[in-house]
Each structure stands twice: as structure tokens, then as C-alpha cells.
Amino acid sequence: MNPELINIFNSIVANATPLVIASIGETITERAGVVNLSLDGSLILSAMVGFVAAFVSGSAIIGIIAAMIVGGLIALIIAIGGIELRQDQVAIGFVLTLLTADLATFLGQNYTRIPGPQILRSPIPILADIPVAGPIFFNQTALVYLSYALIFGLWYWLFRTRPGLALRAIGERPETAFARGANVNRLRYLYTIIGGALVGLAGAAYSLSVKPGWATPPSMAGDGWIALAIVIFGGWHPFRVVLGAYLFAGLRALSTAIQRTPEIEISVVLLNGIPWVLMIITLLLVSSGAIERLLTVLPRPLQKWTRNFLRSDPPAALGTRFKQK
Amino acid sequence: QDEEFVFGMILVGPRDDNGWSQAHFEGGQYVEETVPGAKMVYFEKLNPADAPETTLLDVVTEMVDQGATVIFTTSDEFEEDTAGAAAAFPDVTFINVSGDDAYTGEAAPNLSNVMGEMEWAKMIAGCAAALATETGSISYLGPLINFETRRLVASAYLGARYCYENYAGKDPAELTFTVTWIGFWFNIPGVTLDPTEVTNDFFDNGADVVISGIDTTEGIVVAGQRAAEGQSVWAVPYDFAGACEQAPEICLGVPYFHWGPVYQNIVSEIQAGTWEQTWDWIGPDWMDINNPDTSAVGFIEGTGLSEEDKTSLDAFIAEMTAYATDEANADTFFLWEGPLSYQDGTEIAAEGEKLPAVAPLGEAPSVWYLEQLLDGITGASS
Amino acid sequence: MGLVMNIELKHIHKRFGAVHANNDINLTFATGRIVGILGENGAGKSTLMKILSGFQSMDSGEIWLDGKPVSYNGPQAAIAHGIGMLQQDPLDVGAFTVLENFIYGQPGNLSPKRKVAQQQLEKLSQRFGFELDPDMPVSQLSIGQRQQLEIVRLLALGVRTLILDEPTTGISTEQKTLLFDALRELAAKDSMTVLLVSHKLEDVIALCHEVAVLRAGRIVGSMDMPATTTELVTLMFGQELAAQPRQPINANSDDAVLALHKVQLRNKRMKIDNISLRVRAGEIIGLAGLDGSGQEMLLRACVGLEKCSRGQIDIAGRDMTGKSYREFLQTGVAFGAAGRLEEGLVAGLTLTEHIALVTSHQSFIDWNSARQHTEDQIKHYNVRGRPESRIETLSGGNQQRVLMALMPQEPVLMALEQPTRGLDVDSARWIWQQLIERRKGGTAIIFSSPDLDELVTYSDRIIVFCGGWVQEVADMENLTLDELGRMIGGEGVIQ
Amino acid sequence: MRTRSMVFGLTILPILASLLITAVLIMLVGADPRAVFEKVWEGAFRDLRSFSQVINFWIPLTLVSMGLIVTFTAGLWNIGVEGQMGMGAVFATWGALTLQLPPLILIPVEILLAMLGGGLWAALVGILKTRLKVHEIFGGVALNALANIASIYLISGPWQPAEGGSVRATPPFPADALLPPMSPDFGVSLLALVIVGVVIVSVIVALRGTRWGLQLKATGKNARSALLLGVPTGRSAMSAFIVCGMVAGIAGGYRVLFTYGSLRPLVSGGIGFLGLLVVLLVSIRALWVPLVTFIFAAILGGSTRLKVALQLDASLAGVLQGFLVLAVLFSNGLRERWRETNPAHLSETDIKTPESLKADR
């Protein structure tokens, strides 16, 4: 493969990483039956706090921790409002989307465009030498490696462990989970906060690595919505979610590449619409049942294997409230 | 005992963007320091992304209310609204940077335009890039496409081509000069391309120098990141004297505006009652382009420049100074002489012919009203 | 396996607001016995069983196991004490596989041993003759299979007392036999205590050793079996219920109100071919079959909610194939779904708003007359509720009455899913009175029901759905419940 | 007694709480909260000119909020309202730039065009929702961005003035194409005020007294049941989107035909999102909308002065509004919980005794 192409794929993986982490976080939250709609604002606020904390302390790690706390706190507000006070989760999430973005602008106003700590690429010794895949996947930042761990970790947790069964059950049928000994609401709190903390981590991945620094308008604005769409496209399955995130980053890279190609004459402005058109198309793909239909075409043994992977129904109790006795 | 003199400063970006807006803000501060009694009121981030609900007229109204008698509207984006505000407040003087209303005669009598001749500094930027590049591939991070941005890209290109051939001693045909436009002066998520991603894309595709044409610092930030990861890449930021601080070790230098003396001049004239409507395009002080009290435009060499390249660059600047201080070259720019043609092949200056700095649009080609990019540049002209 | 388990309930009280659902309940269940818990709707049966199995807390009272008082919070703790309950709608997770469902809730370390669990599942299933594919998603099982899964799951957890709340609704005769055999074996061989809540007296008679009867939250009596249906009914309602007189149809015309010509219906799970049916005015057609055998699909197809993939549907002589539900409504059909608050009534709207929704045909609503109309309907249908009451505050029976009131006065055809679901004998009879009233006016009725008794009692003709096939009962005169049950289970189907 | 003071407390509490939080934040960046609230007040009500600026926010904000009352009633999250404003502005701009008509005809035509643009864009969200099952939140977010991009494309491309291309604005509209202000001192359009009045009254009447309104309500509460009761729910939802889109279109049209006098990028100015906050704040009670929008408009209008006078970022206004809505949602939740634990306050139809149930059997 020519080196430019490897570079480009490497950048796609790097650029997709915050999307991956955020949508994995949201997948966890939604698997537990809670919608955290605030992603777009959460990413912005946690990116700001992550950068400022890293800047003030001089340590990227402290920045990451601060960002995760912010993400977790936002999720906690959603959990209290949605679980304890039984208000519409979508409404709270939406208000928080706007509020946290404004809060970031307001509180971060004295920290814009200053150089601060960054997380740089650190190739993994032997793996990075694998032809093609090595330089693409293993010449990356620690956050990217962490995202790999999250992907496989979540898959293992969901489909191979007892607590994973409970996590899926509280999102699918909380009554059952309750009957089998789960403290549904407490678990929902827990996973909502964990999911939110991961969204916070994704915010830090922007401001400390992928789009280093803090500025207004925040450069990650809009990505939260895309991450939410990716979760749907990904059918709440970690592998497919990741596929969605990479696909998305790839197609976004394409719109830059198109401008570089003088043969294709298309208005620069219109090119910027591509991600949004893509977002609708991917959702259409899922909602039209095209993916489900694929399932019926497959031979039977494969069907069994792919059923989990290709599902497109949200967790049955998503966004609902559970009244624990 | 000094009578207070309030002037307004309206910025399109944040006052600390390390770029265009910060340069204006510091120009205002310069006036506060040098003109007794002068006091600045400012409004930053007046743009559709940061303050979607606020209009320029709202801001002007507030400023007049605070006692401002002269207001600087510091973006091409404010051209129409400044004209509207000038009509609404005939007693207040408006200075729009840049704009051409005062040139075309559309402006109300209380409105002037002023701009610095950044073209010179952009040529130096192009030269520095050409001296540093190892891959022979230079990328230009363009904002939106208009007359100003096209002529700045072209200036950088001309500087690069000239130095690549005459100072680096390489074949200019092998120089790649690519521009990618993000769609606005700075990143507006969801509306523009992301300059961070675009800069990464430059480096991924083999460029090793990025010249920034946008108001903000993404270009040098990404280059700094890449360099920290071990790549040999460089950047030329834009607009603001301190922009190199984002990543000094890979900064080749920065072409910048120094608005302080320009603004001080205007304010003094208004105070003295000698102000008259003008359309000003102000060049550098050729005695010392980096003199903070006299030069409107300058180029600060960066620490990323090697000793050898520094020598070459100084020689280039000397050559340019010699050209510019020669009376015979009045109202023309260095390197802007034929043969020059547009991207589509239309010739705009024949061999030996110099392109005029400005001529009414549609009557003759000129640097100010450059309608396309020059032949040899890769990237969209419109 | 001779572990003894003696359960004593002492002075149990439970209130829901003003409702005294359990009022000083004292009961003893001996080991190895199968006990029937009877009572009309709202008597407090489910509440008591939920308290015993930890699903609900009691206000006061004590539970003694083997002579010792115990207290537990939550069903998991009850299971740890050996008491497990099987809910009417089994509490499982549709998105899980059978094996995952079996594993979920078992104690153990982080990562369960799937092989070991699978062997355990297979061993238990084999013992009772259950057929459970471990990799099948639960959402694709029938109710009966889900119950079986729930039973083996509880047994694997070491449960000594098994509580079943209305387990025989929606399962085939075959599965019922299997279930009852298993329960008898558990009581006899394993000395387990089995508590059975049921409205179906014949089940109770077939299975139980003794019964206890609740009314309005109190124990009103108990008796040892065997006993006759009449004796049980008298104990439950304090009186003997008169048999419903059967009205002959006055089908004086041969014109079909509804005609299906070689209709094919399909969904993700099944395909039913070649359904042909003519329904005359005033006729009542019962649709029998296990849950999800296609009865619902057919009912919905008759009102345009389900598209036929082939064939033709006529309503009152008009070809309606491929028309929308709204167009069907205009021809004078009415539809009542099983889930009242999910499909039929709008929680959050008042009774008046419901009435106005179906009766206003002007752009502007005359709220005064709508209210007047609602009051009339409330009187006519004997609804306990006021015009401004929100619909969800009414009890199930009253909601069903409102649903009737919302249907057009003289529809050509009524298609009803389980019209008496969840209603007690008394309310169910009232509903049927109303329906029979309408058929006199020429309305044809087509309904489905999991209750064979109801089917046999009220239908003029019965269509049986089984495994993708439909078949009409030929000899209605001599049809017995047993026979119908066997047909539902798949016997005697002409393939 | 206790009940009333409790309910009152739960209404006043969120307002105090959000003011308090905002004050703390202001101190956090080293400013004086009193001065901030003072400047905002001054900025809004200093003189006729500043007051007219408030009204100029109030007009589109009220329009949009009334439109959103309709979609919320139908149970729809019309986040796409921003884009609907944008498209209203684009269509009105087309009229203003190209049509040569006497003002008496031109202005109504422009307003109709704005309704058409907003309605069309809303219909797209509606089709995605009702036919293609794409959730309206995602359809809306994407179409917002696309409306924006479309307007920037038109501004910098086809509608670009000959002498320079940028994404800043179209050339100013001819004077005849603009809505006239009431007086030079009070820069507010009388026509727009009349339209707002008509919209407020019609939405309230339509939701309370018409079959369409009742059908919307039923669709919003339980679309499946509503369908089975004979409500054309798909059509209901579509009509709610379109009505909201048309009203939002007028609001967008107002921004270009009065506020700016030309088309700008992001012309909606975030007013659509603010409308969503308003409707959440009033829990879909239409009567409260004009008052709440007035308060929001005053905060918005006042915050320009905040920035000029105190150099505080105007995002503070958004922070205050956001906290207010959040606090109200939370206090609603607290109130419901409190009611639950004090069942005496349930209306008597909520629970019946077994005796009364048995009475008529």
C-alpha cells in the first residue's frame, strides 16, 4: 500500500477515536435503558475542562480525569432527573446539550488558543512493524489503544459475563432484572455515569490529542450528534458501533480529499454537507430494515452468529422509567 | 485633565485568537497607550457561530451609548453592516478593515476603509516555505474564497516559486503548491471543513510545510504536534506577531499586521479634526518592516528557520525592499510581473508587464481584484 | 430430596391507597400439596402471591417457613428461601437466548460456564419432556415454552415451593398436559409445594389437592378437592351464576358481511396460506389457537391493519384489498385490541376527550355536547368513572366498557382480540351480553380468545389456527373442550 | 395551606436556584453578579431603542415557540425548527432579491414564501419520521446543518454580489422588500406584531377547540391507540410539522426582512433552540408562552450590553436560560414525587375502594 494511503488511514483511525469512545460510552448508557442526549454539549464541556485542567496542572492525565468527572457529572444529572425524578430523559438531555456548550464557552473564555499538554503518538514496538496494519493501528496515541480495549472489553462484558447479562436485562426488561436480584435503578445510575465518563474521556481525546487545545466555536461541535447516530447505526453492538465510527471518519476524510482533487468540481461549501447527508443515509439504512433483511439471506448457522451483530432494535426499555418497589 | 476619547473595536474572532483579531485588539491597546485619554470599548466574537443573535448594529448602538465616536469594524465580513451603521450614525466615524466601499464610492462620508499590504509579507512566507521544504510540497490552508484571499495565496505562491528556483536552486516545475479552502475565516463546526483535519491531510499527503491563511492557529498547532511525534514538518502561521509561540521550534516565521500605528494615526487625525474619508492600502515601513511604531505589515522570522535559510530569506527581503523603494515601481508589487496567467490559462500580464496594484473591477486585471488563482497553484479558484 | 417445607401466612395486610388488597390473610400450605388460589378479579390473589414470593412488600403480617419467621426483600431473597414464582407473563428477557435466560440470575463468578449451564438445562428439560433450544432467542418462544424455561430455571435455583399465576392462559393442551404432569411429579416425587392461581376451574379441579378462595382481600373459604365447578363458583361469588342463554343467529340473508378469498398472510415468523371465509350478518366467529398462531394476524387483516400478501378481502361486498385501516373504518368495521391501554385507549386523555375524538365530525368541537354524550355513555355502559376522569385511572373492566362505548353503534363487523382478557367471570359475561345485543342488530363478530370455554360458549363457528394452517371446526353441535384443545395442539389437521 | 405554599415554593425555587448558580458562575470568572444583572436590565429597558431590540427578539421567539407547542402536543421533538427558520429566511430572500412587485403585494408574497420554505423543510423531517422511520431529532439536526449550508452556498454562490464573494451576506434588500418599522425611534414592525397575535390566538384555539387539536393530542399521547380510534396519525404528525415549519418560516423571514435586511449564515440566531427551551419551561402550556418568551428576549437583548460594558461572554445568557429550564424540570419531578408520597392530593377518581367497585354489580 502506498505510504500516503497508510498515512490517511492512520489519520482516520486517530480522528475516529473520540467518536469511538463517545459512542461506546453512549452504547453502555443506552444498553442500561437510559438516553444521554447531551453528548454534543458534554463533549464540548469535557473537552474544555480537560484542556484547562491539563494546562493548569501540566499533566494530560489530570486533564483526562477532570474531563471524565465532568462527563460523569452531566450523566449524573440525567440519571437523577430521569431515574429519580422520572422526567423526560430526552428533555433533560436536550437542555444539557445547550447548557453545557454555553457553560464551556463562558467558563473557558480565558483559556482559548493557548498551547498546552498533548497526548502524542507512541508506536507499540513490535506490533507497529506489521506491514500495513502496523503503521495504521499501532502507531497511535495511548487513547487510541485504550479505545481498542474499550471495544473488546465492552463486547466481553456484555456477552460473556454475568454482570453483562444484568446490564442488558435492565435495558431490555427491568422487571425481569429486578426479579433476578438486580438493583435496577442503582445499576442504571452506575452505567449512565460510566457512559458519561467515557463521553468525557472522548472530550479530552479531542482537546488533548485529536483537535488539540481549546477554542470557540469548539471544533468538536456537532460530533456529539454524529456519535448518537452512530450508536443507532451500530445497533448497540460495540463492534458495529466502531465500524460506524471508522466509516464516518473515513467518509469525512473523503470530503477533504475531494477538494484536493481538481478534477472533481464541486462547491467547497456543499462538500461540508456530506457528513449530515451521510448521517441520514446511515439511519435510513437501519430503519428501512435493510440490515435485518440481510439476516434472512444468510445461511442458518451464520444467522445465529450474526443475530446479535445485526440487530437494529433499540433496547426495549430505552428511555423508560422503572418504578422500583 | 486629558479628555476621555472613547473608540470602539469590533472583532470577528476572540481577542486572544493568536491571529487576526488579536492583532486588532493589540492595535487598540497600542492606541490606548500612546494617545492620551484614549479608551477602547470592544466586542469580540461577532460572528454567526459565536453570537448568532447579535447584529453589528446592536453592538454599534451599545458602543455609541458608551460614548464611542470612532468605531473600527475589523473584518471584511462587516462591510455591509458597517455601511448600514454608518448611515444610521452619521456623527460617528467608521473604519472598516478591509472592504472597498470607499474605493468604489459607495460609502457614506463617515466611513473609510483601511488594509495593510499583506501581499509583501505573504511573499516572504512563501519564500521561507520554499527554502524549508524537503519534499517540494507546500500546502496553503485557505479560508474562504474571495479577492483578498486569492491574491494572498497567489503572493505566497509567487514568493515560493521564486525562492525555490533562485535561492534553493531547484526546479520550480517540481514545486507543488496546493490550497484547500475551509470555507470561512476560522473553523465553524458543521459549516466549514475542520482546519485541524485539513492540515493533517496535508501532511498525510506528503506536504511538509503548511502556510496558514486563516485567522486561527490550527495549522501551526498540528505541525507542532506532528513534529513532536518526530516528523520533519514546518508551519508559517498568519496575522499576529506572536503566533509562532504555539510551536516555536517548527515556525518558519509569521507574516503579520501591526495595526497600532495605523489606528493611532486615524485616531489622532480625528482628534485633530483633520480626518478625511480615504481608502488606504498601507505598505510596510521599508526601513524596518518590523518596527512596531511605523510598520503596518511585517514578517518575523521564526526559530524553525535554519541559519542558511535565514541568510537566503534576508537576501530575498533585501531584494524586495530594493524593488519597493524604487519610485519606478510605485503601485506595483514585487514578483507580480509577466508572464502571469490565471488557472484557466487566461494571461493577465505579458512578459515584462507589471500587474497594477489596483484597477476598477472589470476594466483591467489587478492584484486587488484577482479573479482567479494563478496558473501553477492546485486548488479551487471559486 | 425429602426437604420439608411448610409455609404459614399470618395476619397479612396490604393496602394500595384506599384499596385493602390483602386483609388479614391466614393460610397454611403443607409440603407436597398442590393448592389452588381462587377469587374474582381484584380479589387480591396476585398480591398475596407476590408478597409470598418477594415481589411485593406487605404492610404487616408474618411469613413462617418450617416453623420459623422469615423476612426477605425481593424475589431473589425469596428464591434463596426456596420460594419461586412464575408470573403470568413470564419474567424473562426477549433479547436473550434460552441459555442466557437460564444463566441470568444464577449465582457464580464473573464469567459463567456456558457448557455446564447448558448441560444442566438439557438435563432438567429432558426430565419433564420440555423441548428448549439453548440458542433460540426467547422472543421466538411460545408462552408455553417460556413457562417451561422459567420452571427449569427456578428448579435449577433449588426452589422448593413453586407459585404459578394463571399459567394456563395461551398455552396448548399438549403443553398444559406437560405442565400439569411436571407439577404433579414435583409435588409427589420431590415433595414440592405448588400454589396455582387460576380463573379456570377445570384446571383447578384437574390438578389441585385443595383450594383457598379470596374475595375483596379476605379469605372467604377453603375446601379439599375433589369438588364440582358449581361448588367452587358458589364459594367464589357467593352465588351460583346462571348459564348464559344461547341465541340462535337470525342470519336471514346469505350476504357475506366479510369474505376472504384465498388470502395469504405472512410475517417474520410464519406464513398462512389460502384462508377463505364468509361471515354473514349476525354471525359470531371464534378464532382458536395458541398465542401467535395467526389469529391476531387474521383479525387485523379483516380491518386493514395487516396487509394480505395474496388474495382478496371484501367487506359488505366491497373489495377492500390493500385499503388502509381508515378506509376499513368507513365501511363500518370496528376493532378492539387485546392491550387496551396500548392499542385502543389513550392514557392522558379524559373520557370526554375519547368520546369527542370518535364522534366529532366538525372542525370545531362542541365540548358541551361531547360531555353530555359522555355522561349518557357512562350511564349506558355502566362505567365507574366521570367524564373528566383520565382513562388510565379506571380499572381494567371499566376500560373495557369504555372501549365498547367508543365503538360505532351498529358496525357491520366487529373484530375483537381477547375481548374479555383479564376480566373476571362477572365482567366477562356483561361484555358478552353487550356483544350479543349488537349481533341482534346484524353485526357480525369475529374474535379470538385463549379461553376454550369462551370460544365454545359464544361462537357460531370456530376457526382453528395451528402451525401455519387454518381449519374450520366441522361439527359445532358436538364439539367438546377436549376436542378443541386437541385441534389447537395440532391433532387432526388436514395437511 | 401546606399544599399551596409547597406548590408555590416549588415554582419559585427553580428561579432562585438558577439565578444563584449563575451568580456563582459570574463570581467564578471574577465579575460582580449585581453589575451583570444591572447591565442586562439596562441593555433591555434603557430606552425605546433597546426595548425595541427586545421586541425584535420576542417576535421570532414567540412565533417559533407557538409553532413548537403544536409539534410538542403531537409528541414530536422538532429540533429541526432552526433549519425551518433558515429555509423560511432563504425563501423570503429569494422573493426580496428577485421579485419586482409593489410593496403592498411583495411583502405578503415574501411572508408566504417564508411559510413555504419553513413548511417544506419541516415536511422533509416529517417524511423522514413518518415514512422512513428516522427519528425526528436526527432528521432535524441534519436538516438544520443542511439548511445552513444551503444558505451559505446561496450567499457565496448564486446570490453573490458581483464585486466580491464571501459567505458574509447577500446584498442588502431593496427598501420596498423590507417590513417597515413603526417609527424611527421604535424599530418594530407592526405587521409582525399583528402576525404574532394572530398566531398565538389561532394556536390556542386550534389546540383547545378543534378536532385537529384533539387528534394531535391523542397522537402525541399514544399514536397507536389514536390510529386505532380512527385518527390519521401519520397525517396528524405531518400537519403538526408543517404548521410548525410554516410559523418558524415566518420567524426566519422576519429575521431577514426586518432584523438584517439581507440573508446571513446561521440566520436563525439560535432562536429556534431557545424556543424549544421555552416550551419545555412552560410544559407545553401555550398561554404562558408570550410571557416567558418576553423574559428570554429581554435577557437576550440585554446581554449585548453585558459584553460591551463588562466584557463578559454573552454565552452567560444561555447558561442562565439553560439552568432555569433544568431547574424547572427538576422541580416538576420533585413536585410529582411529593404528590406521590402525599396521596391525599390525588383526585378522588384516581383510586377507588373495592366496595364502590362492587356496588353496581
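Should a chain be cited, it is by its letter among A, B, C and D, assigned in written order, with residues numbered from 1 in that chain.
The rule is simple: a residue touches a chain if its C-beta (ideal position, glycine included) is under 8 Å from a C-beta of that chain, and two chains touch if they have at least 3 such contacts.
Computed from a prediction, not measured in an experiment: that's the story for all the values here.
Common neighbours of chain A and chain D under the contact definition above: B, C. Innermost chain of the displayed assembly, by C-alpha centre distance to the whole-protein C-alpha centre, is A.
Rounded to whole angstrom, the centroid-to-centroid distance between chain C and chain D, based on C-alpha atoms, equals 47 Å. Note on chain placement: the centre of chain B and the centre of chain D lie 40 Å apart, centres being C-alpha means. Separating the centre of chain A from that of chain C, both taken as means of CA atoms, is a distance of 43 Å. Separation between the centroids of chain B and chain C, computed from CA atoms only, is 78 Å.
Of all residues in chain A, those touching 2 or more other chains are 105, 109, 222, 269, 272, 276, listed in ascending order. Chain B has residues 45, 49, 145, 183, 190-191 in contact with two or more other chains. Of all residues in chain D, those touching 2 or more other chains are 145, 149, 152, 156, 167, 313, listed in ascending order. Pairwise, the chains that make contact are A-B, A-C, A-D, B-D, C-D. Chain B makes touch with chain A in their complex at residues 14, 16-19, 45, 49-50, 145, 178, 180-183, 187-194, 196-198, 200-201, 203-206, 216-218, 221-222, 224-225, 228-229, 245-247, 378-380. Those residues of chain D that touch chain A in the shared complex are 25, 28-29, 77, 79, 128, 132-135, 137-139, 141-143, 145-146, 149-150, 152-153, 156-157, 167, 273, 276-277, 280, 312-313, 315-316, 318-319, 322-323, 325-326, 329-330, 332-334, 336-337. Residues of chain D touching chain C in their complex: 209-212, 214-215, 217-218, 221-222, 224-232, 343, 346, 349-358, 360-361.
On chain B, the positions that touch chain D within their shared complex are 41-45, 48-49, 51-55, 58-59, 61-63, 65-66, 76-81, 84, 100, 104, 144-147, 183-184, 190-191, 361, 382.
Residues of chain C that touch chain A in their complex: 55-57, 74-76, 91-96, 100, 103-106, 108-112, 135, 137.
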